[in-house]
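I've put the structures underneath this note.
In what comes next, subunit A is part of two complexes: it sits with subunit B in the first one and with subunit C in the second one.
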Partner chain A sequence: MNPLTELQVDTLTEIFNIGAGRAASSLSEIVGDPVMLSVPRVQLYQSSEINAEVLSLNSPRLGAVKQHFSGPFNADAMLLFTEDRALEIVHDMMGSQVSINDIAEFEQEAMCELGNIILNACLSSMADILKLTLDSSLPVYSVGETNAVLQQIILDANQPIMLVLHIDLAIEKRHSQGYLVFLLSSSSLQELLAHIDHFISGI
Partner chain B sequence: MPHRNSIKTLLIVDDSRVSRMMIRTFVLAKHPNWIIIEAASGNEALEIVDRDTPNYCTMDINMPGIIGTEAAEQILAKYPSIRVAVFSANIQESHQTRAAALGARFVAKPVTEKSVAQALEFFECNK
Partner chain C sequence: MNSIPVKNSFAFSGKIEGEIAGKIWDSIKSGLILIDSAGNVLLWNNWMAQHSAIPTELALNHSFESLFPDSLSVSFKTAIRHALQHKLPVILSNALHRSPLPLYLLPITPDKQRIQQSITLTPIPTGEGNPLCLIQIVDATLSIKRERVLKSHTERLSKEAVTDALTGAYNRRFFDERFAAEFGRAQRQNIPLSLIMLDVDYFKLYNDTYGHPAGDKVLTSIVKALKSQLHRPTDVVARYGGEEFVVILPDSKTEGSQIIAERLRSAVSNLNIPHSESKVADHITVSIGIATYQPDTDCNATHFLEMADTALYSAKHGGRNCVRHLTTTEGGKPCMDVSFSPSPLLV
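== the complex of A and B ==
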């Protein structure tokens, strides 16, 4: 499923690229190391098609930070990452203040904050570029077996369309893969694409 | 004193077609007679620079193939007179420092009239 035009994909990719760049800047300040980013890839799926294999999520367990965004269109935005790497990132964030044994205790809070930074950076770049306002709910973190987390997300959102943004994110030696996922209704997708088209026509 | 109306060649390097279109539009609004060349990757930019040697270059960082700062370094090593503005969403301190060390100007995306003006100001200021 990919009814987007080349220019629509290009625009969405660039919007998220700018957002991810802002997020990487914040992240690099938090962990004290440069963060490397890949060029994001944007793809549309039917929610029913989504599973670990489709997203190439190889890890048995998955962490997810979810936030609801509302405005001219509504979306559930999620940051997905493999759990073992989540702990490494939390360790980088907390530095020497916390021993590796106690790190799991801080996982929830640290990952919510991380998700908040990355999701808001991406959504705020979208809002700025498309000149619209999006409000966000507080982030919620969940972790579990990969397919179970994915199925729960799809069930909770109850939206037919998934806009998946794939970004490779590497903090120094810790290579990590992150996915940004937006679940939207068809009408919200149409509304988003109308804003994208309006933006393109203004160039 | 730079000649504001003299014909200059600008190479826009960005993997996003939309970004290239926007940079082109904002530049041509100020300098309708400039010649604009586009490249979608750092590798392509290196080839074009050898062939066409532009006066100025805007360079994205996150692109397929070699990253923009690497391409800018190679371009400036070979053609130090080309003025390069590193135009990127990747606003991390490390990239800004690297751009400055290369003698390039770092300009933060998004592409807007204002950010393009920052690049143009750098291109046209006295060396």
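== the complex of A and C ==
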């Protein structure tokens, strides 16, 4: 499904790339090295269409950082990385020698922070550009078998539409792909699109 | 403005008010700071006063940044801005920030040990537009310590799980896995691989003569001698069983592996451990078989292992205290016996 016009897609991509730029600068402050973050693609799916193949998440386990936000529209925002990618990213950020197999509590907290930085940057750029206020819950990190995590996301949300952002994250030499997923009800999607159209008409 | 008198304007469920609320947050075992949109401190609980050595009276109504003039990181300032301007909650994890605020373990000693912190900033809506920012600081020092202990235990256990307890060489389980992996890699990447198998000559007779504890010592000394001759981190010495050992030499060709094998043989011989019952020498010696995998030849892991075994068998039957070598060939089996080390040295 793709009921978005080209202009709407461009605007959303632009908004999220501004957010990605902000997140990158926050991340490089922490890492002390340049971090590149971009959102090359934005796509809309019915949540029933989503599975590991569609998202090409070909890894047995998936890590998800989730924040619920509310305002003129409500959504569950989630950052998805395969678990090994997530740990690699956290290790690169920590500059740590710890083995990838040691999934420790404080690495999960670090993953939570990484998700928090990226989600907040995207939400704040959306809030700034569309001139609206969004409230958000604290991030929660969960990790599990890929299809189970995806199933749980779809069940929990009970929101039929998924706005899927492809994310490219480069810390030093390592490139990682992940997804930022917004689960919206159709009325929330209409509300978001109304704000986008309003913004477009104002340019 | 938001100059809320801390001790009496918060109400909970209509019953808990002012002073009681104050007592609650002063009893909480983590740091609580509330700041307004101008950055001024509205709440500074007892935990904060104790661990920062800044008394509540000094902190209240002062700018948060001015309380920590040298030490507020860019990330921390960004986090406050996010919470106050964008009303978004922020996490500063211990893993990425360690100890962002100058807070110390109690009692505060002259060498001042900083607390490991996990920090959460949450916007608190006031209904008047400008939100407040609640900063919660959790002492992560203990969990970090616990995690370090667990990690070092894990490392020790994983090491033990692959180590032969007597000799300190890798065990058979580790060898089986590593050998399969290295053989697969050699085939995929078209690189050579050598496998050395060695056996202590007349070890049963040694045990019968000198006793098992002495036999154990011999095995330990042999492993030390073998390890001293191997300098690449990828070379692996494992106890294959009883008095039999294996050495994996990744990326080693015929000539290289023969040189190494000869070095291993002399290293053991040079230990000069007396063995009166040996029929090849008056001291402990080893027989060695080598198998070398050459790229683009037809061989599988099981067959390759059998080759090393066959080479060892041939060394045993060719007089012991010597090296025999088999190499894979293009036509697959049979693998040709390509070289013999100098004939057994009878000392």
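The rule is short, and it goes like this: the second predicted complex is superposed on the first by the 191 of 203 C-alpha atoms of A that agree within 3 Å, B and C clash if a C-alpha of one lies under 4 Å from a C-alpha of the other, contacts with A are read in each partner's own complex, and residues count from 1 in each chain.
In the analysis below, a residue touches a chain if its C-beta (ideal position, glycine included) is under 8 Å from a C-beta of that chain, and two chains touch if they have at least 3 such contacts.
Keep in mind that this is a model prediction, so the values were computed, not measured.
Engineer: Could you look at A:24 and tell me whether it touches subunit B, subunit C, both or neither (first, second, both, neither)?
Structural biologist: In the superposition, A:24 contacts subunit B only.
Engineer: With both complexes superposed on chain A, which partner does A:82 reach: first (subunit B), second (subunit C), both or neither?
Structural biologist: Neither subunit B nor subunit C is touched by A:82.
Engineer: Should A:159 be classified as contacting the first partner (subunit B), the second (subunit C), both, or neither?
Structural biologist: A:159: touches no partner chain.
Engineer: Using the touch definition from the top, say if A:133 reaches subunit B (first), subunit C (second), both or neither.
Structural biologist: Touch status of A:133: second partner only.
Engineer: Quick check for you: in the superposed arrangement, does A:203 touch first (subunit B), second (subunit C), both or neither?
Structural biologist: Only subunit B is touched by A:203; subunit C is not.
Engineer: Touch check for A:39: first (subunit B), second (subunit C), both, or neither?
Structural biologist: first
Engineer: Across the two complexes, what residues of subunit A are contacted by subunit B and by subunit C?
Structural biologist: Subunit A residues touching both partners: 29.
Engineer: Given the complex with subunit A, which residues does subunit B contribute to the contact?
Structural biologist: 15-19, 21-22, 25, 62-64, 88-94, 109-110
Engineer: Considering the complex alone, what residue numbers of subunit A touch subunit B?
Structural biologist: Of all residues in subunit A, those touching subunit B are 6-7, 10-11, 13-14, 17-22, 24-25, 28-29, 34-35, 37-39, 125, 128-129, 200, 203.
Engineer: Which residues of subunit A touch subunit C in their complex?
Structural biologist: Interface residues on the subunit A side: 26, 29-30, 67, 90, 93-94, 98, 102, 104-107, 109-110, 112-113, 116, 120, 123-124, 127, 133-139.
Engineer: How about subunit C: which of its residues touch subunit A in the complex?
Structural biologist: Going by the criterion above, the answer is residues 73-75, 78, 82, 86-97, 118, 120, 122-123, 125, 140, 143-144, 147, 150-151, 154.
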